[in-house]
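Okay, structure first, notes after.
Naming follows writing order (A, B, C and D), and every chain is counted from residue 1.
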């Protein structure tokens, strides 16, 4: 793939092409503040190894990272505690259950979340970071997000954070379950506070294209040139994204797009083509699995037309 | 990756290095005939785009394809009926359940197997092929296997076939369940006969390295030069292998190896590096998920040392 | 309760009162031959300790025992092998799963059916009886049914038997699962043949009222005076009927009716008031749990008006 | 059964006979304060329709009601809101799942607890009572418990209440799950506070024998003569106790004892023989299902020797 072939006009045409698909999806409503998102919004950006960006659509759209932040908190945990400690606490295999499912936790022993990209897994990861205290834990995640995006201004959207904190009862159910079986320790509300905060980190597709690029270029941020993460951790993150990144829609995404990616219910998706580029899309209308319906379609066309598929 | 760098001595050294791991696994015993396999056997072969092979270990070891044949029958079904018809009958997403699980079939509606690489999914695929009659169905699979391996002599191991037919009660349970909910039609014993036969197709790592190569080179058999499958179908197969190829161990395999692959309880694994090479290993001692324990370790080292990872 | 108070006119009035409820239910269709039953049929009979009968409605209606026969085969197994042997192979606790569910069998270890009155449990019981050979096994069940009903002519309905044998794929799935986990041994088709045969035993409400009476009077058949079973076994059977007799509707039945009972998808129900009387109803229109909708309503009114409740 | 036959010497002999069984069980440890109970304690009391009591063993033993209080809160809810409203919110059928299971809540739609005697169901009942405010809700339960036991001094054990409140994470998980699916409304901590308080109500076997008697005599307290509940509600409660009263051990209890009963993890059990007597036992050593191991054995012997079985 030659990045130069990748022109803004092409991206803009693709945006126009897939935007109507938004009508088949629905903006997330279980977090009231997210329900205010415009389902028709659609944006895309891509960044190559030198930090050059091409973008199209509603590129100024600001949205919250939501589950995409799980990649960031996992990166922090892997950096701090190492692979062995983290994967002693949470699995690394995909699951057919929805992102907020508690069932398998009860059914299978040890009561360990299937992987760190479903909610239960991310809560376990956050509980590990809490060892430093709640303030420190969140700051380490935000700092990592700032370095991976190259945006030192990155901060949380207070309204979304508060909205999620108020309504996040399923996550409370997961966390208290995990505590009751001693998979996590510590104060549940403190752990969830970190989780709700990281989900509310506000970004644009440009920010996330750089973050995806950092993962694609084995830890080197293509915009700032900073080495943010070791290559090994990026390979782990990309592998988990490839098999678990779109929840129970991960298999179909691999078939249709074939690039390691992670979605969030804010409508964002990051996709990392190893050694080639980082991509991000955002379209708040979601399919029934909680993934951006127009966003996936856009990535599918990008992947097909520019031969980005790695699988 | 430069295939020339990939020398027989290196492979032989890797074989010696990981062979002792076999002692941590167990040869499959639920098919009595498989229980006779030597757990210490280990073989590897790789084939590049021009059909050049490097191999090491017990390269003359003959083993049965078992679940690797699911890729072949799926290739036949996709060729004959198209993507839409096949994925209208079976999903394309990974699952955390074991390969022979019936639970989710009952729990989720529609009662559709999660993907075509678990047993229930492969049985659905075979039930589609049965439309042609049981003889024809099996012949079309064997013929596809012969063309993908470039080995026109490929045939079933009668003893393994009969052993599996005699003891395959879990597969009967799955098939009768699928029939009771009308996910499949037709005679269950006929469908399973095709399934048990395809599982018993006997191969060497050389055969399967070529098969993996056919998938890696978008359908062109690197040994015979024949175009066996359209590129689109190969991309689908590789994507499913990447997310579902090692059953409930697919996520960990993606992290450790990062190459689309499919395993079988005979101890074989095929791994396809798109555009680069096809690889096959065989080691009959399995881990608790039913995957070759030394085989995975060998692929992990190969992938690391020669930079074969695509994720 | 004074049995004399229990007059035919009262029963006839109750039959007229609840017959219209049949329109809210559906005749079982998964066994094609059962689908031919008239949903509006309704019959009731009761027998006291001296063998006096009162009956009303379509008292000549002939129907098949279906799951009611599970009480009979369990009685044979308890007589032959003893409580300890039987409950070493099958549990004695109710379940919220449907009568034909395979899920819990896979989920829980040991893979033991929850109780002998769900299909999986009855298959385990039959597999024990098979020790005597398939002919003998069925004959021992039919003989027990004849002695419990006091009807030496009792025999199977060939058309229903064959219909069920042809279509009983869910039971095959259960049986092959049980075999695959070694909970049962022997030839699955032979075991199921006994099961399908016993389900097809054809009766009237008079027959079953006597059978219910035999259970109510601690094993003494109120019609023939013969002691068919020890009191201990009858107490076990009544307790299981009270907690598991109407599948996942057993709790609601206990609340509404409060008498140990067992239903069958042929529309029949037997209810045993210990020391007082045996009752049977039949109405082929079933609720979603597979129990006679008018039959339950009739028993509820009977129980209320004549103070038959034991709970 | 002639209550006079039921002499203190007989009870004392039975207590001595079964006391050694305690060594096979374990005192509940998940509530730290309960772990301090003496596993060897054992007490029994029975009360007839005239309020005469016979008792034996450690009759002064004070213990907390725990799940036995679910019968009391359900009695309040049925009195206040009626059968229809309550059973529109919670089922009435037994389950094979443990008392604190969340799995089925997620699996089945509507997300309704299987019955009001498992934890999730009792939480739903309490959420209904909360309509009156948390203070009022608890007071109405305590008042009902006082009237059913005839003990106006009945009060909570503060240490147990606080211990449970501190450690009740599984109940929090259940409650937040129920809230997330909108099965309950209101403040989860307030609802659980009522639940933890009612579980901590402290009693003796004399208190609970009277409570069991109130249920046995259709709502008339045999000690005070007060009519505390309508007969209809007592029949519902006894039926639920018969099928769901000992959690996933309810079926085996029906076989062994054959009397409607309810257990608590404090070691207590109440058993109501309709129209005959109320019985209570307490022995803190529990079996793996959370029921008093010596208590069940004592009730089994009582039931056998004095012919108390109603099933």
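By definition in this document, contacts are C-beta pairs under 8 Å (C-beta built on N, C-alpha and C of every residue); 3 or more make two chains touch, one makes a residue touch a chain.
What you see is a predicted model, and the numbers here were worked out from it, not measured in a lab.
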{"item": "Any chain in contact with chain A as well as chain D", "value": "none"}
{"item": "Chain located farthest away, centre of chain C as origin (C-alpha)", "value": "A"}
{"item": "Option in B-C, A-B or C-D whose residue-number contact pairs overlap A-D by over half", "value": "B-C"}
{"item": "Between chain C and chain B, distance of the C-alpha-averaged centres to the nearest whole Å", "value": "47"}
{"item": "Length of the line joining the C-alpha centres of chain B and chain D, rounded to whole Å", "value": "55"}
{"item": "Whole-Å gap separating chain A and chain B, where each centre is the average of the chain's CA atoms", "value": "31"}
{"item": "Junction residues of chain D, two or more chains touched", "value": "107"}
{"item": "Chain-level touch network, classified as line, ring, star, complete or other", "value": "ring"}
{"item": "Pairs of chains, among all present, that meet the touch criterion", "value": "A-B, A-D, B-C, C-D"}
{"item": "In the complex, chain B residues that touch chain A", "value": "91-97, 104, 108, 114-115, 235-236, 238-240, 242-244, 248-252, 254-255, 258, 260, 274, 309-311"}
{"item": "Sites on chain B touched by chain C in the complex", "value": "101-103, 106-107, 169-170, 172-177, 179-180, 188"}
